[in-house]
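For reference, the structure I am asking about is given below.
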Amino acid sequence: MIELAFHKTLHSADGTMPLRVDLRIKQGSFACLYGKSGAGKTSFARIVAGLLAAEAGRIRVNGATWYDSEAGIELRPQQRSVGFVFQDYALFPNMTVEENLSFALRRGQDAGIVRDLIELIELGGLRDRRPAMLSGGQRQRVALARALVQTPALLLLDEPLAALDAAMRARLQQYILRVHREYRLSTILISHDVSDILKMADTLLHLEHGGIVWQGPPAKYFGRSSLSGKFQFSGELIAIEAQDVVFILSILIGGNVVKVVADESEVKALRIGDRLLVASKAFNPIIRKIDVNPDDERIPRS
Amino acid sequence: MNILHGHIDSLTSSGSLTLVHVNVRQTRLSAIVIDRPDTAPYLKLGNSVTVLFKETEVVVGRGTEHFVSLQNKLPGSVESIAKGELLSRLVLATAVGKVVSVITTNALRQLALEPGSAITAMIKTNEMMLSE
Amino acid sequence: MIDWEPLVLTFKLAATTTVVLLIIAVPLARWLAYTRSRIRPILETLVSMPLVLPPTVLGFYLLIAFSPSNAFGGWLQDWLGLRLIFSFEGLVLASLIYSMPFMVHPLQSGFASLSPSLQEAAYVLGKSKTATLFKVLLPNMKSSLLSAVVLAFAHTIGEFGVVLMIGGNIPGQTRVASIAIYDEVEALNYAAANTYALILFVLTFIMLLGVYLFNGGYLQRLRQ
C-alpha cells in the first residue's frame, strides 16, 4: 500500500495555491496523475521523491515511512526507494548509455541488471553512445531504464511522453507497461494525455487546483464505463448539425476533424467544447493503403 | 445509441476473439469482441453488461421469418415514425425494450411501414459493443 | 641576464592562489547557483566587489587589518605566529579575495547552466552531494572550470595595486613580476622591464588563447 498524505503551499506567478492530498494506492498499480498544467502535478511528484519539502503529512510506501512530520521523519531523496523519470530525462551528458545505467548501481549491486535493462528496452546497439547522439525516444528509454536499476518500490514518471510524436509515444507506452509488469512496480505517471491514461493506467488521480478531485478507474472517468470497442479516440466536440432525423457531430481528434452520426437522444446532453470518447467496433473501419501517387487511386468518399 | 442491460450467458473464445451471448430480458443477444476473458476481466459468466449498438446499424424486416445471417433478431412492432427527406427514425417496441432504428426513407416506403406494423429488428453480431 | 626570482614568485603566488581558490570557490559557486536564500545577493555583491573597487582600496584595508599594531593583526601574530603584511602568506590571502570573482563567476554560471534535474536525478539515484559534484556536475562544466582556473591564475599574475599595498617589494617574498617591472622602470632600466613585461604578455596570451580555443570548440574540430 502506498499512502500519500501531505500538504504544501505552492508559490507561482499567479499567486499561492495549497497542494493538499490524502490518498492510497494499491501496491503494484499503475496510477496516472492527471490534471491541467499548474494543477500541482510536478510538485506532487517532487514531494513524493523528497526533492521538495512538504509542510506536513505522511508518506508511506509498502510499509516504509519516507516522511512523517509528526514523528519528525523526513528521508532524503537518496534514502527513498524511488525511481524518477524527469521531463527533460536528465541523462548525464558525460556518460554513455551504459555508464548512465551503471552509475545508478548501488554499492555492491550486481551489474547484471544493467545488461538486462539494456536488453529489455532494446538499446544494445547504442550502449556506447552519449545522450547527445540519441533521439528523444531513445533518451526517454534510457531514462526509464536508469530509474529502474535500483529496482525502486515506486516509479514516478513526470510527463515523459510529452515531447514525443504520436508514433514514438505509442511505442514508449508499450515499454513503460512492459517494465511496469516485468519489475512488478508501483507506478505513478504524470500526464494530461487521455490516450496515455486509457492505455496504461488502472487508477486515475485527477488533480485540480492542488487537490485530488477524483480517484478511480480511468475508463469510468472518461467513458463513464469501459467499452469493448477497439477503435477508440478522444476528441473535442466542435460542431453539432441537425440533418434529417439524425445529427452530425464534428469532432477534433489529434488534429483531424472527423464526423460522426448521432441520435437525438445522445445529442441532448452534448455541448460544443465537450471532450468525447469516440468508439467503434474494430470490425467496421475499412483500411486502404495510401498510394504514393494520389492520381492513381482515390480514397473512396464516405 | 441503443443501450440494453443484461448479463453474460455464455463465452466462446478462439484466439483473441470472444463470442459473447448476453441475456437481455430472456432474449439471447450475441456480440463478438476482440478481447479474451483473461485480458478483459468483465468477460465473466453471469456478469452484468451493457450492450450498445448504433441506431443506423439496426436492420428492419417486415414480419418475423427471415432467412438471413444476422444473429440478433428481435420481433416486435413499430411504435412511432419520424420521417425525414432521406432518413427516417423508427422507434420499435421489442422483447428487449425500445429499440431505435434509422433507415432510409425509401426503405420505409418500400416496406410500407406504419405505426403498429409487425417487424423484426436485426443487428449483426459484430456491431454489438459491450460495456461494463 | 635578468633576475628570475620575481617571475618564479609570481607563478608560485598564482598557482597557490588558484588551488586554494578552487577549493573555496567550487562549493561557494554551487551554493550561489542553486540557493534561494535571501543573503545570496549580498554574497554575490561581496564576491564581485574586487571587480570595480580600485585594488588599492582593498590593499589599504587589508594593510590596516593585518598590521601587527592593530588588534586583529596583533592577535594573528601573537597567537598564530602569522604575519600577513609584507609576507607571501599575506599576498596569497589578498590574492584570494582579489581574484575571487574571476574564479566564482565562471563556476557559478557553469553550475547554473546545468539542468537542475541533473543534480536531482543523481540524488534520487542515491548519490551523495560530493559524489554528484565530482561525477556529474563538474565533468559537465569543463569549459567553465577551465575558464575559472585560467582567469583566476592570469588575473593573479596581473595584480599590482593590492600587492604593492600589502606586500611591498621584498625580494623572494613579495617582489612579484608586476612590481619588478614598476621597479625597473623607476630605475630607468627599460631593458629589464621589457623582458619581464614581454614574458608576462606572451604567457598570459598563450593561456587565454588556450581557453578560447578549447571553449570555442576549435580543438575538437581540428581533431576531426
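Chains: A, B and C, in written order; residue numbering restarts at 1 for each.
The rule is simple: contacts are C-beta pairs under 8 Å (C-beta built on N, C-alpha and C of every residue); 3 or more make two chains touch, one makes a residue touch a chain.
Here the structure is a predicted model, which is why all the values come from computation and not from measurement.
Colleague: Graph shape for the chains shown, where an edge means the two chains touch. Line, ring, star, complete, or other?
Modeller: line
Colleague: Hey, which chain is the most central one here, using CA centres?
Modeller: Measuring from the global C-alpha mean, the nearest chain centre belongs to A.
Colleague: Taking each chain's centre as the mean of its CA atoms, which one is farthest from the centre of subunit B?
Modeller: Of all chains, C has its centre farthest from that of subunit B.
Colleague: Based only on mean CA positions, could you tell me how far subunit B sits from subunit C in angstrom?
Modeller: That gives a centre separation of 85 Å.
Colleague: Taking the mean of the C-alpha atoms as each chain's centre, how many Å separate subunit A from subunit B?
Modeller: Result: the chain centres lie 37 Å from each other.
Colleague: Quick check: how many Å separate the C-alpha centres of subunit A and subunit C?
Modeller: The answer is 49 Å.
Colleague: Which positions in subunit A touch two or more other chains at once?
Modeller: none
Colleague: Which subunit A residues qualify as touching subunit B in the complex?
Modeller: Counting only subunit A, the residues touching subunit B are 219, 223, 225-230, 243-246, 261-266, 279, 281-284.
Colleague: Inside the complex, what are the residues of subunit C that reach subunit A?
Modeller: Residues of subunit C touching subunit A: 115, 117-118, 120-128, 135-136, 139-140.
Colleague: Quick check: in the complex, which residue numbers of subunit B touch subunit A?
Modeller: 1, 31-35, 40, 42, 50, 52, 54-56, 82-89, 100, 102, 126-132
Colleague: Mind listing the subunit A positions that touch subunit C in their complex?
Modeller: Touch list, subunit A to subunit C: 49-51, 76-80, 82-84, 86-88, 90, 92-94, 103-104, 106, 146-147, 149-150.
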